[in-house]
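What follows is a set of structures to go through.
Each of the next two complexes has subunit A plus one other chain: subunit B in the first, subunit C in the second.
Take a look at the complex of A and B:
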């Protein structure tokens, strides 16, 4: 009997690996992925990077322009996240199982959040490009919509987790809906909410680079400009600046998390 | 009379206490940092709105225009430059890109994740790998793809390698954290019974964290699908993202964008439902 279980386990594992292998080959064929080229390109890229992709003294002259664009991108990401967080908090309170007004309303708010979350920020950027053109607002609204969807889901889960018992206790004492929300739900979940907001800001700075590439604004556009004109030294400076900014923000948010959680 | 006097004696100190109310939430370090964080974020947001380069954009006009556009996009979708079958095939290409990057990323991340887990390797190795992961994650995926595109040429190969890089960073972090949750005693017991490192890994570490690993890997697959759409648009990786980019930037065809958005949305929702099902199944096992 025991041998049977092991044999069955082995067969299952084998079947799973075969399925995975078949899917891999299928995926390679339809995406036209070249295995050999893939592996050889890694050392080639490193070699090329060592030879060309580092900032030189000349490129340092462009630093003020780059920093200016970086500031714009950072501000867009932060502003989009905070505004999205306000809306997300509202929607998550209406969507959470413990604090919703009624089941029908809760389902609608969660449905809206699902739609916003599942359309990627890049897709939002391409949609919004029609009306806002190449301004910072295209990126702002793309990030806003994407963050809104994600934060609503994260906030809903946080509120569900944190406030099940306390809401019931306050309801039993006869507290009103608003006093339950403001005295119990928000205060007890605020550390988690801030942690999510900080995470979203980090993600948004990375996405902002991509959106900048697509819509022609911010630091992404700056990178693309130098990259396409083969000025790799300046392009690498842009990358270095982005890395520094992201690591700095990660450090700051890790500090905040450590203190408040 | 006496009773009354006594009563007033009793109530007097409590009135005194009421006058000096003990604050419900003492102002400790956590409360200060919370308020400070919220304040800084709010201030930066206000400053951001003030400093945006609006390029003489009429905000109300643009907003109303967006609503009209969104109505056109989502209520009157059509396909003009390619057929339904072609769109379906392009979705498969994007899914294929996501699948390959997730698979490559997962295989490499398991190896490095084991080395990055502090309870399975030395502290020094762990720190080296973790700082490398922080570096890899700090560079946006699109930049990795474009950097590899110089060596491999713009196309799906560069996209897969570049996206894999970011997946590796993400999954190493997720895997190593779930490995580190393993009880120290389990490893010690196995070591005491003479098990070598590989036996510990395959008999204790991976079986106990496999459910976490599967749900993290599938989450990354969902993310990679979205990233693959974006890379198709921004870095010539092909797939549905490229068609979307063409519809938006070359044909300026809003209705086609609507149709493509519906395709992407459908796949993303299906993946999410699938992920929820896997999670539920893993929880019951």
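Take a look at the complex of A and C:
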């Protein structure tokens, strides 16, 4: 009997690997992708990058313009995240099992958040391009909607995980709904909430670069502009600046996390 | 003496056919120390939570003082809850707040929405909190964060939060189930003291039969959602324990004769 279980497990693993292999080969045949050629071209790509894709002294003259755009992108990301966090907090309080007003209302708020979460920021940018055109506003709202959905989910889970017990205790003392939220739910979950907001800011700065390509704004657009005009040295400077900014932000948010947790 | 709490024909059903409580009736006198014992899953926690309507019962009647608890509107229910303190197995404190803040939470039931939201407490309330914490031996912990305390200390904060309500009755749900024997004794001694010196009625859910016998005036035994024993702690015989715990009684780790003798 026991031997059967092990044999069955082995068969399952083998079947899974075979299926995965078959799918990979099928996909390669359909897309006419040549693995060998793909991997052998990596050294060539590196060679090209070394030859062309580095900042030169000339490109440094463009630095103020680039930094200006970077600042715009950073601020839009932060503004979108914090605004989304405010709405997410409201929705998560109404959607969380421990703090919801009633089951019906809770399901509706969770449903709205799920819709927003499952549409990717890039998809939001494409949708919003129709209403706002190519402007920073499109990027702002794309980040806002995406963050709102994600943060609502994260906040809801945090609230459920952290404050169940104390909510019950305060309810038993006869405390009102708002007293319970402000005296128990918020104090218990605030460090995790801040941690999620910081995470979202980091993610949004990364997405903002890509969104900028679509919406024609921010640092993403700057990169696209120089790249398409064959100014590879300046384009590479943009990449370096972006990487530096992301590392800096990550360092800062890790520091904040360490202090508050 | 009038009964402070009366439970008549209480039933609670979860879902379609799982009955947690069946026709439970008992009454608790003013100032009594009552333990509810029974095997895991017998419905002890459900019963306790039905009393202050943390769980809504399916049928029957609960009378506390002169209130028909099950018919109360939201606002009246909150008022009744301010008169009933509750103590939990896992203490249910706000871990990131200080001991005194957790204690003062017991006063939130009597506050207006704004005072509750902003956490505005009067000087008298703060003095009362400190006095209660002193009595419970927590005078050096007053400004510590709750997550820095040991389990026994956390449970004492739980008791402080209940006492600052000036309750008529304490409901304790397995207050010592997560504690070591020493802390458990400290907690039970405090509960006993609360009952004898302050005249507060105490209803405790317990796992440990020996503790129940030692501390209670009366024991209510529950099995499969039904009351199978309701009488004085001294009169509890091994046959009664057999009835309460069913076949598990053989496996209980103590000898009942020994406890009564001690």
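By our rule, the second predicted complex is superposed on the first by the 249 of 261 C-alpha atoms of A that agree within 3 Å, B and C clash if a C-alpha of one lies under 4 Å from a C-alpha of the other, contacts with A are read in each partner's own complex, and residues count from 1 in each chain.
Simple rule for what comes next: a residue touches a chain if its C-beta (ideal position, glycine included) is under 8 Å from a C-beta of that chain, and two chains touch if they have at least 3 such contacts.
These numbers come from a predicted model, not from an experiment.
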- Comparing subunit C with subunit B, which touches more residues belonging to subunit A? B
- Message: Taking the superposition on A as described, I'd like to know which of subunit B and subunit C A:133 touches: first, second, both or neither.
- Response: first
- Task: State whether A:179 touches subunit B only (first), subunit C only (second), both chains, or neither.
- Result: second
- Determine, under the contact definition given at the top, whether A:209 touches first (subunit B), second (subunit C), both, or neither. first
- Message: I'd like to know which partner A:171 touches here: subunit B for first, subunit C for second, both or neither.
- Response: second
- Partner chain in contact with A:191 - subunit B first, subunit C second, else both or neither: both
- Query: Is there a shared patch on subunit A that both subunit B and subunit C touch, and which residues make it up?
  - Reply: 187, 190-191
- Item | In the complex, subunit A residues that touch subunit C | 163, 165-166, 168-176, 178-184, 187-188, 190-191
- subunit C contacts subunit A in the complex at 52, 54, 77-82, 84-86, 88, 90-97, 105-106, 108-111, 113, 116-119, 158, 161-162, 165, 171
- Task: State the interface residues of subunit A toward subunit B in the complex, per the touch definition above.
- Result: 20, 23-24, 26-28, 30-34, 37-38, 41-42, 44-45, 47-49, 53, 72, 75-76, 78-79, 81-83, 114-115, 118-123, 126-137, 140-141, 187, 190-191, 194, 197-198, 206-207, 209-210, 213-214, 217, 220, 223, 227, 232, 239, 242-243, 246-247, 250, 256, 259-260
- Query: Along subunit B, where are the residues that touch subunit A in the complex?
  - Reply: 25, 29-30, 33-34, 37-38, 41-42, 44-45, 47-49, 51-55, 57, 59, 62-63, 65-66, 69-70, 73, 89, 92-93, 95-97, 99-100, 103, 134-135, 138-143, 146-148, 150-152, 155-158, 160-161, 226, 229-230, 233-234, 238-239, 241, 244-245, 247-249, 252, 254, 257, 261, 264-265, 268-269, 272
